[in-house]
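What follows is a group of structures, each given as structure tokens.
Each of the two complexes below includes chain A, the first together with chain B, the second together with chain C.
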Partner chain A sequence: MLSSRLSSCPKRRIEHTLSTHYCHNLYDFRRYSTQRLTPPSPQHSIYISNSTNPYFNLSFEDWLFRRKAADKPLLLLYRDDPCVVIGRNQNPWKEVNLPVLRASKTIPFVRRRSGGGTVYHDLGNTNFSIHLPRTSFDRHMTAQVVLRAVRSLGIDATVNDRNDICVGTEKVSGSAYKIVSQRAYHHGTMLISTKLETLGDLLHTHSKDTMETKGVASVRSPVRNLQQFKRGVTHGAFVEAVMHEFRKEYGLLGNDDKVQMIDEDDCRDIEYIQHGMSELPSWEWAYGQTPEFTYTVHQTFKWGSAQAKIKSKHGIILSCDLCVSGPTEGTDTTAGGSVASMSAALQGVTAVSMDEPLRFVVKEVEQMLQGRRYGFISAREILSGLGTHDNTKVGAVEDLVSWLVNLMDS
Partner chain B sequence: MLARRLQKLAGRRFIAACLHTSCRVQNSQKIIEKFKLADIGEGITECEIIKWNVKPQTAIQAFEPLCEVQSDKASVEITSPFDGVVTRILVEEGQVAKVGSDLCLIEVVKESAASSSIAEPVDVPSTSDTASTRPTTVEPKTNEQESRDELSSTHNIPRRKHPMDPTFSPDVDSNSPVLATPSVRHFARQRGVDLAQLVPGSGRDGRITRRDLDEYLVGVDTTSSNKERVASQDNQDVVVELGRTRYGMWKAMEKSLQIPHFGYSTTLDLTPLHGLLPRLNAHIPSHYLPPSTVLEVPPAVSPASLYPLPPTPEVPPSGQYTRLTYLPFLLKTLAKSMLEWPLFRASITQVADASLKPTLTIRPHSDISIALSTPNGLYTPTIQNVDTFSVYSLSSHLKHLSYLGRQTPSGLTLKEMPKRGGTLTVSNVGAIGAGDFAAPVLVPGGGVAIVAIGKAKWIWDVDQGDGSGERRLKVGISWSADHRVVEGAELAAFVECWRGYVENPERMIADSV
Partner chain C sequence: MQSILKRTLASSNPLRRCYANPSPRAFSQPPFRVRTIVTKRYTAEHECVAFDDETGIGSISITDHAQSSLGDVVFVELPQVGTEVSQHDQIGAVESVKAASDIYAPVSGKIQKINEALSAQPGLLNKSPENEGWLCKIKLSDPSELENLMDEEKYKASYEH
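Let's look at the complex of A and B:
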């Protein structure tokens, strides 16, 4: 297949001399690098990023989006190192399995600037981004361009009603959009040879049904790689197919505008991109853009039970309502003696009420949590901040605090 | 020279006096503009506000990002259309706003047109303080004017022109919004072009595009002979395809050939109704009045002091009006007559088997279809249970229907155009031009009869008055009915029943209490 592709190039060389210059290089474009003396211009039509840094790629995409002439179409293709990418207005605690993410040590999560749901990127996934003038932007049309590219690779793909590319009932691509006054873009993923088990682990959050969040929830669908439908489909083949369909759609086939290959270093001096690359990993963007959410959880301990209702907005805890109670009547019917002893331990607390000192401590805990960053608290911090209290309560309070901290870390 | 200087001084004072007595001259004033969530396209009807880029009481420039909203998978950045100060944010972050609802208030400094305030020097002697009270626009003052001057009042009130009327020129105050992107508006403002002249544009949903603007400017520059030349250049025949609505009309009219029509026409005397109008206009319920005309003076005594009043219905701005027309009355009286004549509440029962003997289905209420001629074509929305509407609510409903019909694309949905249709159809052809009579065509689904109402005209009726005749307001009505169902005599008698209500509107007092 590879040789047949190469042999077809000479024919094309006669017609489109400059674009085919890159025909060979697409298969090893990562080795190819342009030696640039000046920073790249945003006025070309097709860009391929050699960088696999998700922060760079998203910032570069945004720079092209803002700087390119408003009435011309633009295509950008890139791949990222393994990372989880959430939508502009999503809740990372709800969408991403943060413990697994942290355990991986190398996989970050990134919040992108367009809307939509959560996706996993790795080198087996290719991202495309089509920028158009706002008035002529049509998400169905842009999806068709990518669809035709996939079909030209010999895969029987279709577009579903959510404008995602599927093969049969399984998704192979997810999309998101961004619209500003003059421009709009449709960008999306294309799973070619992604590690689907890692994808599954990272995006599977043990049910956080009790976390009610404003903002967009992901619509989960079963996914597949293109290689599972047709072996031999590679990133390079997909890139070439998309470029060809893009050129066809926007009348650029005869155009001799070169495909721009961009390295991260080329954009060292572009302030906008550098600023973007530092903004994206910051707490203010990654967590601080989380919309309001309320998390209600219940937990039983040896000494009783607790219910917490944590309200957070923009990653800061607005309030935490803790309701602690002794063992409820009826739940421990057999251990009549132990019930009695437990209530004795809690100094005569009745079945569903808190005793004064405990209530006081609980209030202190609530106050300590307020205003802190959700998910960035250590149990020791809280416990050391509390005033002296009854020895008998220490266990209960420690349990409570570590439970809450674990909750927020998960 | 001295004389000339004196003359000049006198002249200046003359102008100054002129300016003083005519409308106040204001060079600039601060106006609070409501910034609405524009249609983002792609069928999106509501969005969540993710982030406001400004706080209240901060200045903002035109085209600066104002806020970010999200809908489905699209994140949209909205820029400010004006230079001004954001005074109040109406939808907070995390809340959902519907397309068309207000997002925030921006205080803008507006330069008001100085030309309207400078009066002609010739008018100065005659211009007195009453000049400012005599209205140039039609609004609450018309009632006083009408009562002052009943016979000639129809001449003072400018009739709103139907969009299909060749002399129609869209005015800025019409309900259709002028859609254009901010950059197009900016460009138009720079060139001094009134975007309302270009409505609807060639962009999506009737937006005015930059190309429309350029073409308009080119058209303004070139002489008319150029245009003529362009028209005559094409001496060839041009083949044009029928649009969806026009083709729909074609198909319906072909089917109408199955119906044997007969016609019947007469005139109705609207003089008593005409006399009632001013008083009824003065008592339009406040929920049908546009907010600007309702005076918000809290009453000294409130009827709601003991117990809250029943809630007033929600009326969209497109259903608000300031004066009644004759059509709601004609519909209401027609509905009342239909209650007395079951035949006109009947429709031919739709059966699959055409060989069965036909039956008529009689409805308990009066359903009337209205023929609506819109820029998109001819539609016939139906108002169901017209007999249950009041004249005021009918007027509101009609206004809303014509607003929906005039949207590009048409805002009429199955809700307004149910499959069942009405049993009678009314066509207000008198709204365009000065027609008296017509020969309307009945289509299947249009009921058992259709009536075309001409233009109301003042004529000298020799039969009225005490032998010497009288000036009466008459309107021509032309019926076409399905002779398979309706007899000539029945139609004539029905029309006489209708006339009994229209020409004696006081009867409705006895009936409706």
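Let's look at the complex of A and C:
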């Protein structure tokens, strides 16, 4: 299975080093594999996904969550190809460095269904997901299961007051939780050998302090890999340890229910999973679930300055208020000028400071943006949609439009 | 001891002073001032509906027990006004520092109004879950569904054991 994937994806050979490593050592999961002629059943206790497709893994997890008998414990373990995963009610423009993401060409961001903050997944990170009846769910107890697994690998880990697993003051794991009528789950990451520099680049956004969001903000913490505390810790070792602690905690030691190894292809006929896999990457879910936010920015140009206040909800621009001003005497409109002085200068923008043709065009730009998808409109679209206007203003208008589009792309 | 507790509970619950209990003797004021009857019922998933039988509108909220289990609420997802829901349909979700929890309709009907204040102040759900932190108002399509839900006593007993 793994070897055929390697030959068809030469670019991924490096990233798969870890998986080939564990296949040839003690933790050979091929002994668990099952030939599937029918779709898998959701009624087993332990599942390991062979897929590294984050859309599949999240949809498969949700299917198990909704279909497994409500009173039984379940464990799922999986890894994803490089991706950024944001919480259900987060703002991707605030949490993710979208330009860096786009430049990577292969790394998507995915909005998961549970709450919490933003994390980075790659093959050096192992995800665990523990599902239990809602009435007996206790996130501290589930954290202890994972903690005991990490400690059994010879690492002196602890749980902090946010229920995250740490070694010393550094996080090695982040968690999120979901509760529905009969069930609840605790799922989380475990950093084993993740590329932390990539994590840092993707999760660091150029200061967007002036983006006020009603969504949930991440709580940023320094992170480390387990391998930095104990060389030789592998995905396979962690998986075995978690399975053992899970069985011990929920009285499944000696139970002969086999570990289910799941391929993406096994679930091609499961409508719920297929629907989830098409919903998660859709604009409606990824961007359209973004809570309301307001982004206020100032910019100086050769010809003057501008302030934009963009209000957006569910990924749509509700309004864009533009204040444009030519350079006025006594006002510092250079790049070195403080925001406060610029803001003060723009406060009293009147018909005197913004000449009529420019004011008219600015109004047109505001109207064109309203109702459009935030971050999904090009400068060319806006400029070609504007009516004919005074040629002397072309430069200013182009500057303004390019600036707005770049703001929303960042 | 019990009678002291009852009196304490009655005086600390602001709603008790205003609303009658669901017994035939419904007046809490002298006969010349008539108060409407409001029936409060609870679900096992910790939602509460306060039904005003004169308007046929129910005010849906989460219970005080729910908000204390959830921890600090950071985000509330509400249904759209005009949505028709059936009893036990998911109508929204609450995200707290501890979990993202789905909220279910305690009764069937049409959503009339949502609490816009929760958008800027999700913490209202912790401060005043059954009062200022109301989630939405629903026009009940079948008030008899209330009979399947728990009264306050049964609800408290359901999670206290």
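Heads up, the rule we're going with is that the second predicted complex is superposed on the first by the 355 of 410 C-alpha atoms of A that agree within 3 Å, B and C clash if a C-alpha of one lies under 4 Å from a C-alpha of the other, contacts with A are read in each partner's own complex, and residues count from 1 in each chain.
Here is the rule we go by: a contact is a pair of C-beta atoms (placed from the backbone, for glycine too) under 8 Å apart; a residue touches a chain by one contact, two chains touch by 3 or more.
These numbers come from a predicted model, not from an experiment.
> For the combined arrangement obtained by superposing on chain A, do chain B and chain C clash, or do they fit?
Superposition result for chain B and chain C: clash.
> With the two complexes superposed on chain A, say which partner A:His187 touches: chain B (first), chain C (second), both, or neither.
Neither partner.
> Going by the contact rule set out at the top, does A:Ser114 touch chain B (first), chain C (second), both, or neither?
The answer is both, since A:Ser114 touches chain B and chain C.
> Go through the superposed model and pick first if A:Arg139 touches only chain B, second if only chain C, both, or neither.
After superposition on chain A, A:Arg139 lies in contact with both partners, chain B and chain C.
> Could you let me know whether more residues of chain A are touched by chain B or by chain C?
Partner touching more chain A residues in the overlay: B.
> Once the structures are superposed on A, label A:Asn89 by its partner contacts, choosing first (chain B), second (chain C), both or neither.
The answer is both, since A:Asn89 touches chain B and chain C.
> Under the stated touch criterion, which partner chain does A:Lys171 make contact with: chain B (first), chain C (second), both, or neither?
Once the two structures are laid over each other on A, A:Lys171 reaches no partner at all.
> With both structures aligned on chain A, tell me which stretch of chain B collides with chain C: 8-16, 116-124 or 206-214.
Only one listed stretch clashes with chain C, namely 206-214.
> Does any part of chain A touch chain B in one structure and chain C in the other, and if so which residues?
In the superposed arrangement, which is not itself an observed complex, chain A uses residues 87-89, 113-116, 139, 162, 176-181, 214-216, 291-292 for both chain B and chain C.
> Residues of chain B touching chain A in their complex?
40, 42, 48, 50-51, 63, 65, 68, 70-79, 93-94, 181-183, 203-204, 207, 209
> Name, in rising order, each residue of chain A that touches chain C in their complex.
87-89, 113-116, 139, 162, 176-181, 184, 214-216, 291-292
> Show which residues of chain A lie in contact with chain B when the two form their complex.
For chain A paired with chain B, touching residues are 87-89, 113-117, 134-135, 139, 162-163, 175-182, 214-216, 289, 291-292, 313.
> Please name which positions on chain C make contact with chain A in the complex.
Result: residues 45, 74-75, 77, 88, 90, 93, 95-102, 104, 119-120 of chain C touch chain A.
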